[in-house]
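Order as written gives the chain letters A, B, C, D, E and F; numbering starts at 1 within each chain.
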């Protein structure tokens, strides 16, 4: 762990040739991090002040997930609140708590911090809220109809419009999943939906493919980490994939990596509440150096940290594009 | 069949006490009505000029459904075109034909005629188009993400907004289905989605409930016909139900009838390509007399016609509300 | 229809060689026999006074089944009540109505009339009640745990014990089903359960086999009509089968007919709410002549009547025993 | 029915424009044609002597199918034996009866009559036998491994080899099905398997496509009738399709008709043991006139007869080829 | 491990705040404890003489489970017999061995030791036997019809009747499960069945809830440990839950803990023949101190031991009751 | 690891009584053995020159499996090529690569080395190729129709014919599986298929049973290792079984072991891409000493090595035969 800076990072192990390497101190969040949450995973972290802040999925002792705020000085050790996030509507009324909330993405956009997660709207549905201080959270109306479990905003307007990636689903364990993009001018009304990427082609994403962390703007496009799902006779396997979208028209996939970037191989990834799952939900990027820290859920049980650089990821994706 | 008027209607048979009675000349569209379509059903008809016009679902000899224009002088005998409807985009470019189109609703709204149907958008999805002359059809971008099969617009703006009812679904035969309402200011971008009615409670709609024809404005609300689905060991059974929505906030159900209004019982309803299906898609209302003609698909094979009056339906729904 | 007697019967059509022949006036109960019940089927009738009385399954206009009393002078034309049966507990308290009740058997036993049906006890479960006047119905505690849908009592004690046949099931459409027998001394506590007959062997009962009407005592045993279920790619097919049980130990099958006795072939059996179902639930026997009238549900829509004689059935079962 | 000749035929009804028309006397075999078989369908007929002979699928009163010989003077009225076909092996030993036999094809080839059907070989499997006199039947070893339900031989060697079309399947109701071709020099050892046609493209054959009667040699290829299967929420629908294979390399599809040629529409096709099934298994061709009589199973209950001409079928298939 | 007493116990680790803590020497029974049994789990232990005795589920090298007697001096190290338990009927006849036996509960009741387990009675079914010396085992007739897999007796009569808790199931992996209670006067005939607790509410028991060890009598009721099942895309997860039943009417749940008490987290619980399963089957209680030792199956592979006290469990359940 | 010889072997651990013991250095092939293959398992090794050669299943970073050549000096440490095997047809034309190739068996037979594996032929299908130098690989036409995933040749002709064992399957995860045997004179045309062994009887092979490595000729027959599959609520469990086939008629099973020989118990077997799988694909036999080295896939992730002797296996199978 580099001590010279606040950015959580480890250099690539010598001789390692893959696109992403794991943090030697994984998992960074272990079982029972708080009294309320026996498992914290699929959560999102950003730089904030001189440290880090995040929105965390915490599965209670009843297995039901809710959202919590957490903060950290080093991006590795987190102090997670025991109080669930409470949402208000646009008029300031406290909203009643819905049945569950999970898999949040946290996106700085213009002068606000947006949270996009899966909420209970007569079925799993994408929900959007924003905060400016991580104390008060304003929740909008649901942007899409159910069922949909994975949404993430682009970090800036493109050609004057907001964009969101998402993966429509069903009521159960959803044996299908493609990435779509939607457009909006007010973050309330959404339209001009387009297909971005279908599952299939390779086996690691044969069943589903979905968007991971908020896309990272790079010189010639948007770098998007994804999750892909393979189905074995013993259940689903979730890996991390990558693609590069067109800068001006992010519905266009310029490069889609045919290989996964990381697949469950360590004990804390292959064994847990849902074994064989790695699920990326946020990245922190050091623009100067191009270093990337990736936060990802492990086996629906732990939070893991992995590293790469923009150049390395882009090179790997381009060289291994379909 | 009353010959004294252009409105298709038969008086209620003596002694009949149900809310809806069938046309004695059913089915009004039999097998092979055109060379291209071996089965025409789930189609919508409106009054137009001194006669009637409709958008028809025609299943080809490959079982694939497409949309056709048809017209009629009496609302009973239809002349259906052999040419599939061709859509243009908003700029006037001819759009390539999608894989299928089915279950259209036809809604006069402001100075245009809107068609809402299920189209092939990487899965079944709601599509909207309009026409002013039934020759040129302008198709908008898809209003929602897939999967969704049953959409219908309200026939006027309410409090300055457009509204659509729809029933999200999945890729297969969809063992669930609830009615949602969505709002828009431009018919392109949609949001503020709300649940209107869940399936369940009674058995006839235990599996799904979905919106039928465009809601009918009545004195104290909106009269909505629905389809409800029960699942037996030998397949799905589709019946017709009814509810009354609040006039100013149509997401609020004021009365929901616990009994079906009509269920498959006649030969042309219980036997066909998909047996035991009746599926209402349009109504014609004579405002003065309150008479209603209901067009409904029969066994995914025929088009049927049935009658009632506004007063009779409203009374039945209120008396049998849950 | 023989007019010379009160027993509902028609002689066997000339040249007909099967074990059971249908009534020429079938179905005896058509759609909408009462305002409350749109379909009456799977119901049981006995001789009572100088006519007939029965407990009827009536599916409401919400598709939910409840039980009704009905009576008849000739066993063919029935007058069915519009009021659901209300049950009391053993102390005389009116019981709240459960979610549904269906497929009743009606068994005269000692000085009472017992009704055994499928009730809603956190899943489908056998229920027992008795009446002496068909006005007041005393319901016992449930004899078995759920799930079980088809129970019938023997019409007398055997070796000093009461016996019931039943078919355990599951929460859904139950792709299995065998006949078991249980013993009791008080009709409340049941035990000494034994297997009587498994599904399988022949195709017509490959999926399930269950008990039909109350067993008929014959010279050398108990004549039991059954329902057997085959599963096609288009759903379940229910036929009528037969077996003869040992007189002193009715858990022993002495003869099991490998062929069905009757299978859905007439329009009112092959088309309806659940097509291709015939389901026997009661018989009336003229002891002197050996004539049998069989009441059976048709396509979960109609009630049918069919005839045979004890000698003919016994001979057919023995000659075609496995 | 033309009385002037022994060939079973009716002229095309005036104004009828489809490729195939039904016999006005359908179904030619009704329920209970023999004491042993309550339903005879999916059976094959050829010209034989001055009349006709066939191999018939007869479902017993236990629902289990076996094979029977039947003959006819006019090709319409059949006299079907009550004795199941008994098979011998190549050495003349009587073979024990297998669990079931169904859906036979009957193919004159060189100096013998070959029967190809689905037999019970630890799962459904193709079986081949031959006869020269319809009294003695020599059964070969199974040509393929299970599971496979529909096989048919070409009526002559092509380039010195025998060929068979078949449709591999699974143990259940098989939600997939493609046509393959296999080659042999001795009708015992089979190899060089190739795919001929996949299910899909159109909806009527979206789930499965399989070979029907033995291919008919035409001027520029082989005319093949097929069965195609669509899956609705109420079960499978079987239609008749057509394609033309290359004369010298019958693994090559030259024309595949995108529309079905006939689909279940008459009562005896849409209602029965398995509703909505038509299934062609043999044709008789009058070479001079080009007239074709098609025998096909109806609803797994009846045998139907339909007509066309070679020119009409070829023209329709070519004009509607994908 | 406390050496000062024969009661198997370890004090709660400092700082640990959960309701139950694991034994530091887990698992107490590892793979291959005997030559006949490669996995011993879901087994029950009681205090007996100056040591302990138990009935053990041992899965053979054919994966089939049978029951064995085992004993221990310290409740931690067990000596398990290699000879399967042989049962006699009430008349002393040796009973033929059934196909399998599993998940035994062992209950001292009056002057006998009762075993309740899942046996093969044409499907999984509850079985009861008793012993007085652990050498001779008298098996009763099956108390309920199949299917049912988890039964446990109360340790004394309540208001003069015996009571059993159980969880009806189906033939497969049973995607449902509720707790019922049944009453008997002779342990042979059972009736007055009532629902105790349904699955659902919280996610950890969303699919099933079933009874664990025999209820523990406490001051104001019966303390019942349960198993609850959640379903992930990678299979079922079994946790331990708790509730308190009314002392005089144990069909009444006074407190139902909304959180699980323990969930699979250790390697020997999350990995094994069936990963992510913990399944409590017996407890030993030291009445004076209130200490509890809980024996539970781990991953259908190992036997684990965990501890708590009555006060701690009761307090936790009450404080976290729904 | 014995260093005194080139044969990979370890003596049986003292006191160990099972039929097969694992190599202490397992797994012999760990994750990421090459840049192209992240997991190598289900692969086959033979003695070749003074060392060993094998055909390896390597799952790429896209999860898709392909075949690679690898060699070893000691049978434990392998050098696996990074270049996929390229196949030619019988005329020397390079064949286009199919979608996937997996689970190869490698069989010396006459003067060639044959490879039998599962290939993509419109579904999983058995494929055969041969090589003489492990550089050029000649692929035959597919021996069987799809679907089939596990084929293995006998190592010599029997009575003048070639024989292959295989396990027909379906398109998905195949909930059934039996072993069949087929005969050929040219390895191209196959026939005279017979059933060898059905799944079932014991639980460890209740769902499927399939052939493992090429059969080993022993004094009185053929020793066949198999894989058997049990289905738990958390997925499939694959164990190793054994049987002895008749020497002259290998379709006859002389002894079938009712217990598994080895079941997943070590970490590298119980945790991985598909947990709880051990899958034997090749053996090396030292004829003089009778020592056997077994290569087997572990958790679809690693390659393991285990040992036994012919005498020990034969004795165990015979003593534990059903």
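Basically, a residue touches a chain if its C-beta (ideal position, glycine included) is under 8 Å from a C-beta of that chain, and two chains touch if they have at least 3 such contacts.
Treat the numbers as computed from the prediction; the structure is a model and nothing was measured.
Contacts with chain A and chain F are shared by E. Steps from chain A to chain E, taking the shortest chain of touch contacts, total 1. A comparison of the C-E and B-D interfaces places the larger number of contacting C-beta pairs at C-E. In this structure chain C contacts its sequence twin chain D using mostly different residue numbers, the overlap staying below half.
If each chain is reduced to the centroid of its CA atoms, chain B and chain F end up 59 Å from each other.
Note on chain placement: the centre of chain B and the centre of chain E lie 56 Å apart, centres being C-alpha means.
Looking at chain E, one finds that residues 234-235, 271, 275-276 touch two or more other chains.
Taken pairwise by the contact criterion, the protein chains fit none of the simple patterns, being neither a path, a ring, a star nor fully connected.
By the document's touch criterion, interfaces exist between A-B, A-E, A-F, B-C, B-D, C-D, C-E, D-F, E-F. Put simply, chain B touches chain D in their complex at residues 31, 35, 38, 60-64, 100, 173, 234-236, 271-277, 300.
Across the complex, chain F is touched by residues 121-123, 141-148, 166, 168, 170-171, 176, 178, 180, 182-185, 188-193, 195, 198 of chain D. Against chain D, the residues of chain C that register as touching in their complex are 17, 202-204, 206, 230, 232-235, 237, 239, 258-260, 263-265, 267, 270-271, 275-276, 320.
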